[in-house]
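Look at the two complexes coming up: chain A is in both, with chain B in one and chain C in the other.
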Partner chain A sequence: MALADVCGFKLGNEHSYFGPCAEGEMGMPTLKDALRMSESFTFPCGVNLQRDINTAFTSDDSKVKIQFDHGTTTLAFKFQHGVIVAVDSRATAGPSIESQTVKKVIEINPYLLGTMAGGAADCMYWERVLASQCRVYELRNKERISVAAASKLLANIVYDYKGMGLSMGTMIVGWDKKGPALYYVDSDGERLVGHMFSVGSGSVYAYGVLDSDYRWDLTQEEAYDLGRRAIYHATHRDAYSGGVVNLYHMKETGWEKISQTDTAELHYQYKAEKEKKGKK
Partner chain B sequence: MSNRYDSAITVFSPDGHLFQVEYAQEAVKKGSTAVGVRGKNIVVLGVEKKAVAKLQEDRTVRKIALLDDHVALAFAGLTADARILINRARIECQSHRLSVEDPVTVEYITQYVAKLKQRYTQSNGMRPFGLSALIMGFDNDGTPRLYQTDPSGTYHEWKANTIGRSAKTVREFLEKHYTEELQANDDECIKLTLKGLLEVVQSGAKNMEVAVMRRDKPLQMMESDEIEKYITEIEKEREEEAEKKKQKK
Partner chain C sequence: MSILSYNGAAIMAMKGKNCVAIAADRRFGIQAQTVSMDFDKVFEMGPNLFIGLPGLATDVQTVLARLKFRLNMYELRENRRIKPKTFMSMVSNLLYERRFGPYFVEPVIAGLDPKSGEPYIASMDLIGCPMETNDFVVSGTCSEQMYGMCESLWEPDLAPDDLFETISQALMNAFDRDAVSGWGAVVYIIEKDKVTKRMLKTRQD
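And then the complex of A and B:
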């Protein structure tokens, strides 16, 4: 490493100074192996992250003033024609809206999608690591990785950092040999299989809408409408969700981005529909 | 600690040979014969059972090992080395099930065994594994597979193969008698395995161990009376062949 050389820094015994590293076939990656190092974090010795991190960031007399982005609404559900993924696009830092145009669906590869809820950086970073692991799997095994395996890879990776402050609630959506698949993975190491999930501060509102209108035999258009509607209602009531609704459809041939609709537009659209119904 | 073993045992010779690996292959040639035949719906493994001493318990010598519900391994060579490989392979099968939520394909576990063997041809202070393995089973999609690995760490897929003592003779026999029609008939596959073994082994069920795997069914070790039945059939067929030839004359 250039900086290390300039400062005259010498790594005596490369194994003892740093904490958990990803183990490769050739042994522990060293600092010089930048490609390997980017897929794992090294920690300085003597810091007990699991003990200190919670108090550092959440206690009232903490000196740390960074507030993490946690607000979002994301949802995904399986139905007869595949899986629908719908997300909002707002990023907040405390009471301030930082962005209304965040991409909360991460395109891992043409047949795998991941959603983002919790810490934006954590989700984006680890899902990109997942993408590279999936590609290596594909090359080694001459066949696409199954969604079960991909979600398990992610869950096992973040479990290594459990209690150290990662914040990630993601849904892994894909279509593999066993059909459409939907998994929920979070930074506590939880991994659940299911046919409907909603994650984020606005998920409570989205669940209400989803649960009342969801059926397995929805038509494609009905499913798109349901996804958009659920996100809209969440953005309407949850302060930390808003922006636009990004809608994706996972089909047998891979994912397709269906639409990007401004929630304000949806608001007036649904208002008009309600009034029409009322007049009848 | 590894500094003490700076000089690797497996090094290249001036003319490009890895002598330790070749010597390991010699060890394999001294081991008891193993035959594998792959059919359309069945895979068969047969091994030669060396005569046991009077006081020795018969069934404690097992040369066909189950790696997982759907994959089995037979070997020729050093039994102790095989035990290590089989243990590691069994763990890998379960580890794969845990991380990927799917059973291993036969190729995957063969690759794993081959990778392990290769590592020992390139490491300090370790000698290569002295065994070749025949790994057979069914993939998830129902395709039957038969692979062979050797001490150098290479592996190939085979329709029928043999390793160990007199492998060359038996392989020539298999090449002559393996046909596409035979593939589809389970009994014929079993008989071919037995016929292959009979080329090198004295006739008798007590000199062979045969394992059969059918799609979606567990590995089945054939009982000695079943083997005897097949052997009787084979001998009858051979007599009939000989009769026909006599008549033609």
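And then the complex of A and C:
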């Protein structure tokens, strides 16, 4: 170990910065460690998880403040032909627009969809964990998991990390034995069942449009238009929402992606419609 | 939240061949909410002299009013139009008077000398430090994005039509990467004998 001596590196160092966590020890790297390390999160030594980690990374006067990708508008509503899911596609870190082409609907499996609002990484990661748990359930029980159970799984997973700064406001949408289902799950451990939700910084604008025109007996086309319009109005007024509108329809046979429309296009289209109406 | 990004703005000015251009976005918002899309941030101070005021909206309106007063007094006393360079000093003085409780605006000035027609552009920080350049000046919440766009698109001695294209593309693509500015844009092309004002069709998100 000549190089180790030159660097002054001592193997199995008890004063290593990352102390032992639940499953593995960082010191002498072994094959077992490499395989198992990804199963658990490493934490800095001697730190009160709930109190220090969250405030260190998110409080305004912190020196190491992380600017999470936040700000969004997502919505979902149940109607006679299933569930409509519509989302925007902008990711912002503070005032800077990081991307206008983010996929905020996560395809958990062919009959389950999850939406992303809050921290993009948090949503993507934990919904992927949910996808693997749903698959395990299927293999064990030889039948598809219900949406109620899937949303409960997610809520219980994130509850363990409550207070540590996870930011996730998601809607779990699916069609199971009981029919179309829509649940709202967030990183505070909240889990709500309902027939219409909108999540994100632009949700207030989307609710206004949704509440005005929503009916249970909308036709398919009317429902698509309502979802798109609600997201468009949110992107127009909310600075942190924008990009394109991704529209999905959850049917008995599973979900189908209906359209992806640029909000700029929608703006000029609705403007032309208004002018035509005005001339009449 | 920084005070300078409470309302959000994007303004830039560029020099061309015997002309200058000044362009600004049109959003008036309060943090995340967009309130109106026809808020003026560029104001005429003389037949060939314009000032752009990005920053806190209330200070934009107050500085405009106080500046107009000083400018009117100057023109009454001197009985002539002010030169752009002198105007820049006037703005700088107005801002430094408030050194220990500043106005939250970072102005951009663009104009032509009344006699010679020489193009002039300058920008300032919120306490009045002037910066005169020979290419372009930017100010606002997306200044980093604007610097990048201007640096790549600008070239010297652009004719008025080419200058319009250049400044429009630079401004639009910069504020499309900023959440708190955009929602329409206005571009002024200032030449010796005429000033052309054009609105741009932009993304409204």
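Note that the second predicted complex is superposed on the first by the 229 of 280 C-alpha atoms of A that agree within 3 Å, B and C clash if a C-alpha of one lies under 4 Å from a C-alpha of the other, contacts with A are read in each partner's own complex, and residues count from 1 in each chain.
As a convention for this text, a residue touches a chain if its C-beta (ideal position, glycine included) is under 8 Å from a C-beta of that chain, and two chains touch if they have at least 3 such contacts.
None of the values given here were measured: they were computed from a predicted structure.
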After the overlay on chain A, what do you see for chain B versus chain C, clash or fit?
fit
Which superposed partner A:146 touches (first chain B, second chain C, both, neither)
first
Examine A:72 and indicate which partner it touches, taking first as chain B and second as chain C; both and neither are also allowed.
neither
Of the partners chain B and chain C, which touch A:170 in the superposed model: first, second, both, neither?
neither
Between chain B (first) and chain C (second), which does A:240 come into contact with in this model arrangement: first, second, both, or neither?
second
Quick one: classify A:156 as touching chain B (first), chain C (second), both or neither.
first
Just to be sure I read the superposition right, which of the two partners does A:95 touch: chain B = first, chain C = second, or both, or neither?
second
Between chain B and chain C, point out the one touching more chain A residues.
C
Considering only C-alpha atoms, give the closest distance between chain B and chain C in the superposition, rounded to the nearest Å.
38
Touching both chain C and chain B, counted on chain A across the two superposed complexes:
none
Quick one: in the complex, what on chain C touches chain A?
5, 8, 29, 31-34, 141-142, 145, 176-180, 201-205
Going by the contact rule at the top, pick out the chain A residues touching chain B in the complex.
141, 145-146, 148-149, 152-153, 156
Complex interface listing, chain A residues touching chain C:
71, 88, 90, 92, 95-97, 100, 201, 235-243, 263-264, 267-268
Under the stated contact criterion, what part of chain B meets chain A in this complex?
99-102, 105, 108
